[in-house]
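My questions will all concern the structure given below.
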Amino acid sequence: NNSSTPESGASLTIAKPDGAIATESNNPWIGESSGNKLGYINAILEPLGIVNLISPSDDVKPWLASEITWADDYKSVTLVARDGVKWNDGEDFTAADIEFTFNMFKDNPELDTAALGITDVTLDGSSVTIGFTGSMFSKQDKVLHKLIVPQHIWESVDDPATYENLEPVGTGPYVLSQFDTQSVELTARDDYWGGELAVPTLYYVSYNDNTALTTALANGDADWAQAFIPNVDSAYVNKDPEHNVYWAAAGLAVDTMFVNTQTKPFNDVAFRQAMNLVIDRQQYADIAREGSVPVVSSVTGLPTPVGDSFISPEYEGVSYEVDLDAATGILKDAGYTWSGDDLVDPSGAPVSFALSVPQGWNDYVTGISLIADAAKTLGVAATVDTPDSDSWWEAKGTGDFQAILHWTDTGATPYDLYSDIMDGRWLKPLGESADFNFGRFDSPEATLALSEYTNAADDATRAASLATVQKIFVDEVPSMPVGTRPFIGAYNTRSYVGWPGEDNPYVPADPTQPTSVLILTELEAAK
Amino acid sequence: MTTDDLLTVSQFSVSYDVTPPVEAVRNVSLTVRRGEILGLAGESGCGKTTLAYGIQRLLKPPAVITSGSAVFHDESGEDFDINTMDEIQMRAFRWEKASMVFQGAMNALNPIITIGAQLQDVFSTHRPAMTRTERRLESGRLLDLVGVGSNRLRSYPHELSGGMRQRVMIAMALALKPQLMIMDEPTTALDVLVQREIIEQISELRAEFGFSVIFITHDLPLLLEISDRIAVMRDGRIVEIDTARKLYENPTHDYTRRLLASFPSLTGERGGFVRRPGEPALDEEAGSIR
Amino acid sequence: MTTLEFKNVSKKYRVRGSGELLALDKVSFTLTSGQTIALVGQSGSGKSTIAKILTQLERVSSGEVLLDGTPIPTWGRPLRRYRQSVRMVFQDPFASLNPAHTIRHHIERPLRLDKVVPADQVEEEVFRLLNRVRLSPEQTIDRRPHELSGGQRQRVAIARALASRPALLIADEPVSMLDVSIRLEVLNLLAELQREANLGVLYITHDLATARHFSDEIMVLHHGTVVERGKADDVILRPQHPYTRALRDASPDPEKHFAVPTTPGATS
Amino acid sequence: MRFFLRRAAFYAFTAWAAITINFFLPRMMKGDPVSAYLQKNQGRISPEAIDSLRTLFGLDSNKSLLEQYIDYWQLLFSGDLGRSFSKGLAPVTDVIASAIPWTVGLVGIATVISFVVGTAIGAFIGWRRGSRADGIVPVATFFSTVPYFWMGLIAIAIFSTTLGWFPASHAYDKGTQPSFTLEFAGQVIQHGFLPALTLVIGSLGGWILGMRNMMITVLDEDYVTVAQAKGLRPSRVLVNYAARNASLPQLSSFAMSLGFIVGGTLVMELVFSYPGAGKLLLDATTAKDYPLMQGLFLVITLTVLVANILADVAYAILDPRTRQMEA
Amino acid sequence: MFRNGKSIAGLSILGVFVLIAIFGDWIAPYGPLDKDFTALRQPPSWVHWLGTTHMGEDVLSQIIYGTRGVLVVGFTAGVIATIIAVAIGVTAGYVTGWRSESLSALTNVFLVIPGLPLIIIIASQYENPSLLLISSVLAITGWAWGGRVLRAQTMSLRNRDFIQAARANGEPLYRIIAVEMLPNLTAIIASSFVGTVIAAVLGLTTLAFIGVIPITNLNWGTILFWAQQNGAFPDFWWWYVPAGLCIALLGMALSLINFGIDEYVNPRLRSAGERARAMRKKGFKLSDTATAVRPRPAAAGTSGPGTSSDPGTSSDPGVTNAGIK
C-alpha cells in the first residue's frame, strides 16, 4: 500500500505509540480515556476557538464560538455561540451548552486540569460570559481549546469523572462508528456545519511502541501520527520522499537544563554564564534529537520562528554561540583558576557537577552526555546519572540535584516558558517539593515582571515587562535552554493534501490536539 | 517332520564393540530339546543374559553377533536361521515362536499402562484377526491360568506384588503358546515362598503345554531342582553341560564344583563354612580377592 | 559382655492413604556379644525394621530397647555413644557407600567421629582395618567405591562398621546383592571377625541355609511377630511352627531333591 | 482423597501468599500514579493539574495499610478490582477482560504448539539417537538462547518489512470487529503467525532437549526391550512404551512453563504490538496503576494455579503411580 | 566432563568471553562512550569494525565493554540463585513433614509470582541499582526452579543407604548435608547454576532492552536498547546484530556446558550422543530392533555389511543377511 497514486475515498489512519487501548471511554476530561489517548475525541467534540500555538501572533480562529471577546485584563471572556451547528444526534448546539460545560468545570474542579479558576458563568441569549480568578492572558489557548459537550446528554450524568460516554454526541465532523481495542473507526458526518469533508473514514490505531509505529508509518500502515522518529530521514521520509512528511514545528516550550542555583557550582552566576557559553545547541538538535527538531537559537531561549514576535529588541538576532574563550574569560574574571586541565573555583575547590535524567529517556540521556562533554572543555568534571524515574522525579521536586534536563510548559505566550524557569510563585525551599522553578532561582524582579506581564491590561506594559524578564534570563542564566520542544507531526500526502506544514503553518500537525479538527476540515483529496 | 531338537546353537559368539571389545559369549554350542528345561548357571557377568538375548537378536548396539548360528526347528518342520532374518521376519518370529520372561518384573512391565493392555498388545500384533473382546477374554484367561485372576486386567503394575508381576510376565510369555520360553532370572528378586510357587507353576504349565524352557539363574540349588539339563557358563563359554543329577553328583569341571560349594547345604553338613570354632579358617580363595 | 534386649517392641508406620501399618508386633529377644542370631522371614516381615530400630534410624512405637538393662538413649551425645557400640552393615554394597568419597573417607569418619584412636593414628588404624577385611590398603585406600567390585565394597562396609569397635553388629542381608561365588567368602570373613572380636551379630537374611551355618540361633519372623526361635539346627531340621516349615520346604535343597529318585524336572 | 485435599490446601496457600504479595509489592514502589502520569505526559499536563488528578484518582483518602488490605480482600470477594488509573478510570475487570483472551489465545496456543511439537521432535530424535536428526538439538538450543525480542525484531524486518508476507503488528486488521467469521479467523491467524512462530521457535529447544534426554533414559528400560521382544511394531513401541513414559516429566514442566507465559509474552507484545496482558502489566507498573497491577497479578496467579491443577490432574490420570505415592 | 567435546566447546567460548570481560579495557579500540560526532551511524569500516551508533560511539568497543556487565550479572545472579536454591531445596528435601512442605510451598510461590514486575519493583527501590543488586533481583526471581529440582533429588538421596549409614554412624546433620549429600548433588547444582546464568543473561538483556534496568550499566542489552530507541531496526544492522549474536553465543556456550554436565550425570545421554555417532560409524543403527550380525573374519577388509544398509526407513532390515550355515 505504498503506491503513490491517490486513492479516492481512502481512509486515514492516525496512530499513537501508547500500547493497548483496552477499554472504551469517550470521556473528554480523563486524560487516559481511549478518546483522549488516541485523540479521536477531537474529531467528535470541538473547541470554542483555535489558537495557533506555533504562530501565536496569528489571530485566534473562532470555532464553536463565532465571536470571542476578552476583557482588557483577560479576567473574563464573552463568547457567542455559532449558529447553525447541530449535535450529531440532531439537537441544536446553543450557548447553553457552553455555559453547561464551563459550569461543570466550576463545579468539579478535579476535571479542570488546566486550573483555570472559573468564578462565574453567565448566559445571555446566545452569548456566554465566563469570569476567572486571574488573568487568562497567557492561558487563552487553554480556555478556548476546552471541548464543548452537549448539555442534554451530560446534565444527567452523575459522576462526569467516570462517565464512559459510550455514544459520544458532539458537534465535530466525525462520529464514532466502531470501537475496538485494535482500532477505532470514525465516519464523516454529512451534516457537518463546516461543510464537506474529504476523508470519509478515520481509523485511530495504537502501536505498542515507537519502533512499531515508525515501521507502520514507513510502510504506509499508518498515515498520521505525533511521534518522535529517531533518524527520521532514513527510517521514514526516504521510504517515500515525495509524500512522506515529517514536520516539527517549534512551539513556545523548550528543553532546558535546570541548574540548582542554591548550591555549588551553579549558585555562581559566572559559572552559569560560562556553562551557557559552551553548550552546543546545534549538536543537541543534531545528535540528541537526531536532527528532527528545530534548534533553539535566540539567547532569550525563545524558539524561532514562533517566538520571534516576543523577543525584545535588545536581543533580536542575538544567537547562542559556543564560545570557549569567552567562557574561560568570564571564569577567570570571577576568580576561577585551573589546576592542570581541571577548573578550580575561587575557594580553591575543584569544580564538578552531576547531570541527571531518568534512565530510558534516551534523547535526554544523550543530551546530558553532550553537555557533560561540553563541560569537560571547561575543565569541569561533569558526571552523568540516570536514576530510575521515580527517584529522579522526587529529587527534581525537592531540589536534590545539580543539573537536570526538563521541559517547560507551552502556551500562547512566552509566559509559561519563563515562569516555569524563574518565577517566584513556584519557589519552594530546598527539600520541599516544587512543581517548577526546580533550580530555585530567586529573583523578586523576575517574579514581579512575570506577574506584570500576565496581568497587564495593555500591550506596552506587557512588552516592557517581558523585556525585563528576558534581560534577567539572559544575564543571570537561571537555566540553560538546550532545545526546542516542537509539535511533531508525521503524515503523508498520498491520498490527501492540505496539511499544515512549513509553508502553511496554520496549526501544529498534531492529531491529538483539539486543533486537529481544523486539519480534518482542511484536507482535500490529492490529485 | 519334527526332530527332538528345538533350538540348535552352534559356535555362537557375541561381542560388545566397545574399546576394548568385550567378548561376552564365545563359541557357545548347545541344543535345546523339545519340552525340556535347560538350566543356564554361572556367576554374574559370565554372559548368561547376553547369550539368551543374543539368540533372539534382542541385544542392542554395541552388541554384535560375531559368529555362529542359532537355528530354530519349528513344529511345522521349517527351520529358521535366526541370524539371517530381517527385521520384519524377526518381529513375526519373536513371541510367536519364542518368548521371554525378564529379570526384574517391576521394570519389565510399563508402569503406566494396565497389565491388560500390555497383554493385549501381543494379540493385536500377532493375531490381528482377533476382536477386542476376544483379546480381552483371552488375556483374562491367561491371568486366570497363572493365578493372578482375570479381574486384575485393569490393574497397573505397581498395584501388584512382585510375585504377581512375575506371573503376569509368565502369562504374557504364554500368550501365543510359543515353543520356547527363555526365563532370565525370573525369581531372583522374590522371596523363597513366592519363588517356590512360581517354580511350581512353571513346571505345571510346561507339563500342560509342552514348551521348552531356558532357565537362567545363578542359584544353582534351584536349577538343580527344576532343570532337566544344566549348562554351566564361565567367561562366556559353556564349561559343562549335563543332566542335573549328573552335574550334581559328578561335576567334572572344577568350576562347577566350586560353584556347587558356594551353596551351603540346607539340611546336610557340606560346605566350607566355618561357623563352629575349631574348624579350619577360610579357604585360599578368599585371599585372592585382595 | 554387652546385652541388647528387645522388650515387647512394636513399630507402626504411618502410610499415606491407608493409615497405619503394624510392622512389628511385640517383639522380644536378647542379643549378647559373642553370639550370632539369624533373623529370617519373608520379605516385608519386619526384619529391616528391627535393624533400623537397633541403629535408632527409627523409633519404637511401644515397648523398649535396653542396652545392658538401661533404655537406649534417643538423642545427643548418649545416642552417639550408643550408636558407637551398635553398628550396621547394609544389604546393598553399591548403595551404602557414598560414590563421592574415597574409601579412606568412609573408614576415617567413624574413627574421627568417635575418637576411637588419637588423630595421629587414624591412618594407621585405617590400614589395620582394611587389612583385617583382607583388602590391600595401598591399593584401595584412595579409590572410590565405583572402582571396587561388589565383594570388595562389602568388605569396606564391614571395615567401616568395625572401625568404632562395636559390641554388636547388625548385618542386614549383607550378601544377598553379591555374586554367588563371593558370598561365602564374605560370610566367612564376618564369622571370623565375629569370633575374634567377640561380637554379637544379628544376621538378617532370607536364606535359611546360610542362617543355619552362620548363626547360633535362628529367629523366624512372620508378619512382625516372632513365630519361632531356637538353636539353628533345631529350627531348620525340626521346625515347630508351620510357617517355619513352609519356609524350609520352599528353599531349594538339592540334597533332599536327589535323595529320592524322581523324574527329571518334576518338583518334590 | 487425602492426596487431593493436601493438594487443595497447598494451592490455597500458594494463592493466598501470591495475592498478598501482589497487594504489598505495588505499595512498596516509589512514586505515585500522579507523578507517573505527569512524567508520561512530559509537558503536556501542567503541574497545576496535580490536585485535580489526586482527587480524580481517589488518592486523597488516608487509610492504613491494614485497612487497605482488608478492603482489598473484600473487594476481591465481591469481584470488584477497582478502576484503572492509566486506562481512563475504566473498571479493571474490563481492562483485563479485553487483554487476557489475546494473551491466552496466542501465547497459550504457541506454548501448546511448542510443547507438542518439541516433545514430538524430541521423541523422534531420542528414538533415532545418533542419526542425523541429532543436529536439530544444537539448532533448537541456539534459537532458545537468542533473546526473544531480537529474534522478533529481525523476523519483522525480514518477513514483514522486506518480504511483506505477514503484518507486523496487532491481532487483526483495523476496521474489523472480532466475530466468529472465517474472514476474521483468517486475519487472526495471519497476524498471529509471526509472533506465534517466533515464540515457538524460541521455546522449542527446551522441550526437544528434555524429551530427547528422557527418551534416551526410557529407551534403556526393560519394558521397552520387552515390547520389542514381543514383536511389536516400532511405531507402537515408540508411542506406547517410550514416548508415553518419557513425556510425563515434560508435563509437569509444561504446567510450570505456563507460569512464565506472562513474563515471556511481554516482550512479544511489545515487539509485535499485540494486545495482551504482558504489555498491560508493564504499562500498569510504570504508571503505578495499583488497581490494574493487582488485578493482573491476581488473574495471572490464578491462571498459573489452575494450569498447575490441571497438570496435576492430567499427571494423575496419565501416571497411575502418583495416585498412590506421595505428591 | 572436561573430556566431553560439547563442554570443551562451551568452555572455550565462555573462556573467550571471560578474557574479553577481563581485558576489555585493553582490547577495545575506543572507550565505550567515546563519541565521534563526525561518524554517526557508520556501517562497519576499518576504523570502526562494527560501525558506530547514533552518537558516533564504536559498537565493537561497546560490545567488548558490555561483556563484563553481562558476565558479572549473569554469574553473580547464578551464584546467588544457586546458594538460595541449594539452601532451600536441599533443606526442603532433607527434612520431612510440614517443614518440607512449607519450604516447597515457598518455592512454588516464587514460581507462580510473575518475575518481571517483581524485578521492576525491587529495582525501583534503589537509585542507580548496582550490578550486585540487579543480580540479586534476578536471582530472587530465578532460584525457584533449581530449588525444586534439588528438593526432588535430595528426597531421593535422603533414603539412600549411604546417607542412612552416615546417620547410623552418628554424623551430625550439617555434615550429612554438606559432606555426604552435596558432593552427590554437584552435577545437578552445576547444571542448575548454568541454567540460572543463562536465564539471568537473557533476563538482564531483556530488562535492559525494555528499559527497566539502568542503561548506565553498559551491557549487550543496553546496546540493543539504544539501537531500538534510535531506530536502528532494521536498517543499521551492525548496531543490533552483533549484540544479539553475542547473547546467543554466550547462551549457546552455557548450554553446551550444560549438555556436558547432563552427559556426565547420565552416561546414557553420552552414549546417545557422541558414542551413538561413533557407533554409526561402525555401522550400527541404534533404532534397530535386531542385533547386528557381523562375522569377524569376513569383516576384516570392509567395515561390515551393516554399513551398507540404507538409513532411510526404519522398516529397513538394517542388517544384511550374512548367511552363516
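Think of it as A, B, C, D and E in the order they're written, each chain with its own count starting at 1.
In this text, a residue touches a chain if its C-beta (ideal position, glycine included) is under 8 Å from a C-beta of that chain, and two chains touch if they have at least 3 such contacts.
Computed from a prediction, not measured in an experiment: that's the story for all the values here.
Common neighbours of subunit B and subunit E (chains touching each): C, D.
By number of C-beta pairs in contact, B-D leads when C-E and B-D are compared. Taking each chain's centre as the mean of its C-alpha atoms, subunit D lies 22 Å from subunit E.
One finds 31 Å separating the Cα centroids of subunit B and subunit C. Once the centre of each chain is set as its mean CA position, subunit A and subunit C turn out to be 89 Å apart.
Note: centroid distance subunit C to subunit D, computed from Cα atoms, is 55 Å. Touching two or more other chains at once are residues 29-31, 153, 156, 161, 228, 270, 324 of subunit D.
Shared interface positions of subunit A, i.e. residues touching 2 or more other chains, are given as 211, 388, 390-391.
Residue positions of subunit B with contacts to 2 or more other chains are 58, 60, 90-91.
Residues 13-14, 17, 53-54, 57-69, 81, 83-88, 90-91 of subunit B are the ones touching subunit E in the complex. Taken in their complex, subunit D has these residues touching subunit A: 29-31, 35-37, 39, 41-43, 45-53, 55-56, 83-91, 94-95, 98-99, 153, 156, 160-161, 167-178, 269-276, 279-280, 283. Touching subunit D in their complex are the following residues of subunit E: 101, 105, 108-109, 111-118, 120-121, 124-125, 145, 198, 202, 205-206, 209-210, 221, 224, 228, 233-234, 240, 243-244, 247-248, 250-252, 254-255, 262, 266, 268-269, 272-273, 276-277, 279-280, 284-287, 289, 311, 314-315. Residues 210-211, 214, 229-231, 234-235, 283, 286-287, 290, 359-360, 362, 365-366, 369-370, 373, 384-388, 390-391 of subunit A are the ones that touch subunit E when the two sit in their complex. On subunit B, the positions that touch subunit C within their shared complex are 36-37, 43-45, 162, 190-196, 199-200, 203, 206, 218-222, 224-228, 243-245, 248-249, 258-259, 261-268, 270-275, 277, 281-282, 285-287, 289-290.
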